[in-house]
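Both of the next two complexes hold chain A, though its partner changes from chain B to chain C.
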Partner chain A sequence: MLRTDAWLRRALAIGVSFGLIVAACGGTETTPSPTAATTPGPDDTPAPTEEAKTGGTIYMLTQAEEFDDIDPQRAYTGEDLAFFGATIMRSLTSYIYTDDDAVANTLQPDLATDTGQANDEATEWSFTLRDGLTWEDGSELVCEDVKYGVSRTYANDIIVNGPTYAIQYIDIPDNPVTDEADPNSVFLKAYYGPYDGTGQELFDEAVSCDGKTITFKLNQPVADFNYTVTLGFSPVPDPAIHPDLEDTGEQYTLRPWSNGPYKIDEYTQGNGGHLTLIRNEAWDPASDPVRKAYPDKWQVDFGIDAKVMDQRIIASEGDDAFAIQYGSVQPENLSTVFADPETPNPDFATRATSDFDPFARYYWIDTNKISNVKHRQAMAVALDRDAIRANLGGDYAGALGDGVIKPNLGDQYAPTGMWTDLFGQAIPDTGDPEFAKQLIADSGEPMPALTWDYPQTAVRDQEAAIVVASLGLAGITVTANPIPPGQYYGIVFDDEAAHEFGWAGWGPDWPNASTVIPPLFTDKGGWNLSRVHDEDFVDAVQEAIAELDHDAQAEMWHELNTLAMERVYVIPTTFGLSQTFGGTKVQPLYQWAPYGSWPYAEMYVTP
Partner chain B sequence: MAGYVVRRVLGMVLLLFLLTLTVFVLFSLMPADPARLTCGKACSPAIIENNRHRLELDIPPIEQYQRFVAGIFVGRTYLKDTARPLECEAPCLGYSFLRNQEVLAMITKAAPVTFWLAIGGFVTWMVIGLVFGVVAALKRGRWQDRTVMGIALVGYSLPSFFIGLVLFFFVVLIWHLLPIPQWTSGMPFANPGKFFQTMLLPWITIATLNAAFYMRLTRNQVLEVFGEDYVRTARAKGLPERIVVVKHALRAGLTPIVTAAGLDLAYLLGGAIITENIFNLPGLGSLAIGSVLASDLPLITGITLVAAALIIVANLVVDLLYAVVDPRVRVG
Partner chain C sequence: MVGRSLRQIVWARLRRDRLAMVCLFVLIAYYLIGIFGPILGPSLGLDPYAFDRDSISNQGGRPVLPNGGISGEHPLGVEWGTGRDLLSQLLWGLRISLVVATTATLLTVTIGVVIGIVAGYAGGWVDLLIGRFMDLVLAFPFILIVLALSNVLTDRIIAFGVPPGTPSRIVYLILVISVFGWPYLARIVRGQVISLREREFVEAAVAMGSSRRRILFTEILPNLWAPIIVYTTLLLPAYVGFEAALSFLGVGVIPPDTTFGAMLANSVNYFVQVPIYLFIPGTILAILVVSFNLLGDALRDALDPRVTR
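On to the complex of A and B.
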């Protein structure tokens, strides 16, 4: 009897544990986490409004259990860059705070006195630091700190996950060690970063300080390098100058030193954890025209259940009146908060916003596995995009996409005509299975059976059914392959594990299609899920990157976007909208265009 | 008795060894590539390869496992080939490169939350379950019995995510009877009032389901014992009903209850995933689910080891207690 009971209880305990873990595996969705932007415009920094108040605490509620990275060389999530850029992590240049998208994407000086000086070929860029810049211990922030920060990017054995534009653009030779048996082969360049120190002279040659002026020598013309320095180029205290401000390497991301108006007081990751920022008394407002620093404190609460978070902000009681959502309104609450996809209900008129998010959603197609362009065109033509958008939430989900460059990128966007005339005739939003059959017949080859990879959520299970059904009408056999969200990108970037096509999304790093077309359709940037290696396309991309005339370059991106759609490297689905909101006593609440984020640097609490 | 305990402890060690080995094997069979998952947005084959080396995934799984086991006893060095190696002192359960922290430190931080959640919930459900179970047994067939069993049926039917969300919405958000639960460092001793406000609803959520089960279990056990000859004898001898119930019936009926309670408590100590998530408690359950979703092998392995150890130890304790509660049982 004893043994039977104990065995039964044990089996039950293990069974329930396993069930819970299995149930939890299908719970979340992952989206790539880049940044965004649109078109430059005139300088128009708004003055503080009359009701702006200094003091109080702004709370941020998030379902996430931690920030991806706070290390200046590792932070790469748009929303994180916006938050920490506004509070503890200044950069040489940054963007203007306004709800006018075109103006908001205008570059302005931040740590630097201007937005950078380039030589005629844009192969050498210089930035001069302002006076009065300090670290949180009161010591002066100097040019060498910016140089040291950039140098950390090269320690790619320790400083990982972050943007690699420094490695890509700064003129330092590739690592001569290629023998995989040699541990030094892990380094991407001949400079191994400041911890190892190998190749330091190469870095000193390429990045130099002259007083307050830092100069970067590049390996190619980069016309928008002053936008590039908003990503991964923020300073870190040089240990030779600031021995008390330790660079803890791998663990610096847990407690970076601040040069902004706030500093980290507490950071506890995980469900129920918090990040608390308090005022950095060493910060001099006179040295910083960008940040208003109204609240005394910021508190980020991690691991809040999404449904609970919505209800708390809807109720807006107590501290929640000063709370903002770090995420999106849940679909079941959209009708409570919004009258339509663009208009909040009266109760939420001043505290809810619906605007383009940074992402273009699309289905990548592996061009090695589906090499016949007619087959790819048939897939695009047959797809019922209207049903996909309806399944995602209809008008709330966004507009149907016609490429990978989104309209909120301003002059970088132009219609591709993908659904009007690119394939010789208009394609209805619901798909055209007969035309798809014709394209397959014209291809001269039988259409292979396909498998569609996707990160599994309940909504995407329904999306998978739409993909299977609509392509099935054109005689294309599709099998849906759900993948646990946390494993999705690990699988689809594996050439052998990935199938013929799958789900993805992408947002640009700054307001130029140079951060869209190259990473998606060449091996520079690491998001070439379509495995595009067409030489003519890659060469044209390189030409566009080197083009110094902004308008001419924009035109080249338009053409490449259109060419990519004609060859159907991807099937665009939606240009996403996102809806989010905050409490009744925090303002201003709008989506700041550069990162699709709240305008953290000018937010305040009201009485 | 001593020999039995030694044999059980050796069995525990073997079981933990097999369990962690299984986790390692299962993880290495997973199609996901952790090196790609930690590669970030600007990824390239060279960076993936670098990550694989950094995460020590470029060595055979069996060697990874050996390093894990060795780390528990003698500590371990991560990023050995770099200019900034990371030392993880024994007992080292691993290092999470996703959270940039030692696994043991994360578990140590989360464990007190789960401990207090489990203990509070356990006391609540045991008190309710035993008291109302005995009442139902004493009043068998009467309205008290039917009411208690009706409540038990309802409680047993409600999943904890439903109870938790309903309690949260009504008690906290709509009626404002309690503040939003928020665990802070130093609880429970630093701020006992806030601690009880934070834990009350989680305790009720956990206790509801379990109390229902223990009401039924206690009622059935006590009724079964009431039918025994020695209980009739005790009553015939004129012993007070209180003595009959507490000393004879309840004690004799306790053995399966102790077995169940010990394992339920151990299971809870391994993390109450749903309740911790609803009430935003930073316990082991939340940590476990986060690690699974992020494919964070070191954290998964560490938590599995700790949770399994708790359940195995609880098994041993329960088996020993069984002998204490019921003298008829002899271990060996």
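On to the complex of A and C.
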């Protein structure tokens, strides 16, 4: 289930100084958002009439040279999911468009007529499709298309890099072929996907269509499965029903068929290339309560240097007035755009935002290589987290983290006490080398020399200097190991090539810690950089996933988050804040909580 | 009447060239600072790895004081984001830059001279083979190869027992710079040797039955010192700049260590806000390179009195 480089390169490109990781959702916020008062919302100015909003082109400027994936079963970068979800790729349920983070993170029906019906154990979920759904050629979008889309996830030889929740949750036995010499062993389940076709009857049994109603049978209770279907469950035309709308397999990611208000007109990759979306005339607004579809056209311009992009949007001349940034403001321009981390400067009052992004940033520690927990605690205690935060932008970089669950996940978050009492005494933000030395002495073993892996950027070169110097004060020898950003995760997921600890970040896939703790600290979900295989922990995670009572489950996540920090599977650094902006004639500009993205479905150009 | 050796003659001429003496003094100063700066620095309160949180803003990491945070405590300012002292970084960086450039120059000259003499004296198919090999080396897209091979070769170097991190990168830089640099000198030497080998004193040595080795290194080599010395003084500044360029492209030393190139690369990010970041390491690098070049010119003049300006 590992994601390979392509989308990571892109994810890193978007993240610029921070680096993004995975498709992500924000969540309900318990702490007041720093920009809640100042973020320009649609209500701040008298809203133009519906007609006045309609028309024009919105331009998106990006450093990337292409999209990682536009295929509904492969797209997994947060900003991409938000953009294509709002334009060409509808799903059974989707999130609400508003700058109120708590509301934005709740579900509304999209292709379905409601947000899903579960049986009492939450092991069987069904969704009923609306009337009037169409593909871009005008043919009807039917239940079988949703089913066909989901089935593609199982062809994990072709449909790669995407979310794999379908494989994880839908009740289909594991692949009986385990002999690695057999080419069929690449498949994870006994169903090999629609291209190969093996095990089709197993899939038909687990996912069935009855008229307009699709039913999923799950292998375990999943209380939040209606959130799961926002990721990788979008329909693809079933070739048996739509012979004209071909599923081109691996190539589908270049030209997927649209069921939303826009369709792909042109897609040229590379520096200077662009993607244009034009109106899909077959789309019926009456069938879609989610998307406003104001502009006539969207144009994504690829390969724009981050510094040039900032300057163009600051100037906001010509078409750049209608441009939005696919990324974040460069650190050196923050003081131009913002008066302080909560307030944009007057010139940018309605077009710059500073808000929590979905990501918790942390350093993973390979628990096989550093198996002595006292050693890991010493590393955490010695680290100068205050200097790291200052280097990332200080107040612009967000708050210091105390775990992997971020406060904007609402009730999923509870303080872990990592820096106050978890290790028996309070740890100052600048680190406590003396206490670290004492922990190493208590461990009974000499501290091994360490190497810190990181994807190289100028800012993280300085972060590396901080890691080396602050651990050095506690007598821990660290060598920094810069890795080209595009290769970073490929290398650190390789047990041989990875070193003792390294940089990482994670954003939950939907606002539940079930998309944080299991992927990070068990082998479910494939982000177990810490190589945790503690049986008691894995058992407790399994128990929490199966817990149907939301409050009880949240309580279990709190405990597991605290336990993971006590054992220092990772060293949390910052709960990130990110700053981004757009041109003078595009509105509304706020960070939409579910993906930390622009609110694409309700954006429009002003005269 | 006492005859003067070539060395005495050259030194006498050089001493009359005031500009050359200034350059020589500057270079000696650079080397002394490079050698003793990091040894004496800590006692003066200089530490390139210490973070001064108070010197940078908590909102964006910009130095609090203008001009990159220049103050009595930090005469050349502090680094954006961390507050590390730039004077200390320059001192420590100068040492690495000089070690890389000097070692690579010595290695290049040794390889170039030996191969050049062999090719020029042997002639025939040996010369042809070496000549084509030099063409091959010169034809490589050098920068691309250095960038592409950095990780692979650094791992190899580590496997030979060089500590990982900065030491292995320094060894890598020295190796690649020398390996791709020697053919230029080898060609010059080869040309000189071809004209020398026909001279009477060489023929006399051959007639007396001297060994080939004696002819090469005792008869011919001393006549080559002039071009070699001049070429060396021109090569060194080129290599200082080269190391900076490679560090700029990201194959240089590993943080927290730094060099001129790494500092210049970093300064580009903040050029609009803090232009002085670019000018300080840039100026210091420029003085070093110009001094070497002027000294090299003066040496050439001193060695070859027929050339007049």
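The working rule: the second predicted complex is superposed on the first by the 555 of 607 C-alpha atoms of A that agree within 3 Å, B and C clash if a C-alpha of one lies under 4 Å from a C-alpha of the other, contacts with A are read in each partner's own complex, and residues count from 1 in each chain.
Everything below uses one rule, namely that a residue touches a chain if its C-beta (ideal position, glycine included) is under 8 Å from a C-beta of that chain, and two chains touch if they have at least 3 such contacts.
Everything quoted here is computed from the prediction, not taken from an experiment.
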Touched partner set for A:340, first chain B, second chain C, both or neither: second
Chain B versus chain C as contact partner of A:76, first or second or both or neither: first
Which of chain B and chain C A:391 touches, first, second, both or neither: second
Dominant toucher of chain A (residue count), chain B or chain C: B
Which superposed partner A:331 touches (first chain B, second chain C, both, neither): second
Which of chain B and chain C A:349 touches, first, second, both or neither: neither
Chain B versus chain C as contact partner of A:552, first or second or both or neither: neither
Touching partner for A:459 - first (chain B), second (chain C), both, neither: second
Touching partner for A:482 - first (chain B), second (chain C), both, neither: second
Shared chain A surface residues [contacts with chain B and with chain C]: none
Chain A partner contacts - residues on chain B that touch it in the complex: 30-44, 46-51, 53-54, 79, 81-84, 86, 97, 99-101, 106, 109-110, 113, 165, 168-169, 173-174, 176, 179-180, 182-183, 185, 256, 259-260, 263-264, 266-267, 270, 273-274, 276-278, 280-283, 286-290, 292-295, 307, 311, 315, 318-319, 322, 329
Chain A partner contacts - residues on chain C that touch it in the complex: 49-51, 53, 56-62, 79-84, 164-165, 250, 254-256, 262, 265-266, 269-270, 272-273
Contacting residues of chain A [partner chain B, same complex]: 2, 5-6, 9-10, 13, 16-17, 20-21, 24-25, 27-28, 32-34, 65-66, 74, 76, 155-158, 160-165, 180, 183, 186, 188, 195-197, 249-251, 253-254, 268-273, 301, 303-305, 307-308, 311-312, 315, 317-320, 483-487, 489-491, 493-494, 497, 519, 523, 525-527
Chain C-touching residues of chain A, taken from the complex the two chains share: 330-332, 334-335, 340-341, 384, 386-387, 390-396, 430, 451, 456, 458-459, 461-462, 464-466, 468-469, 472, 479-482
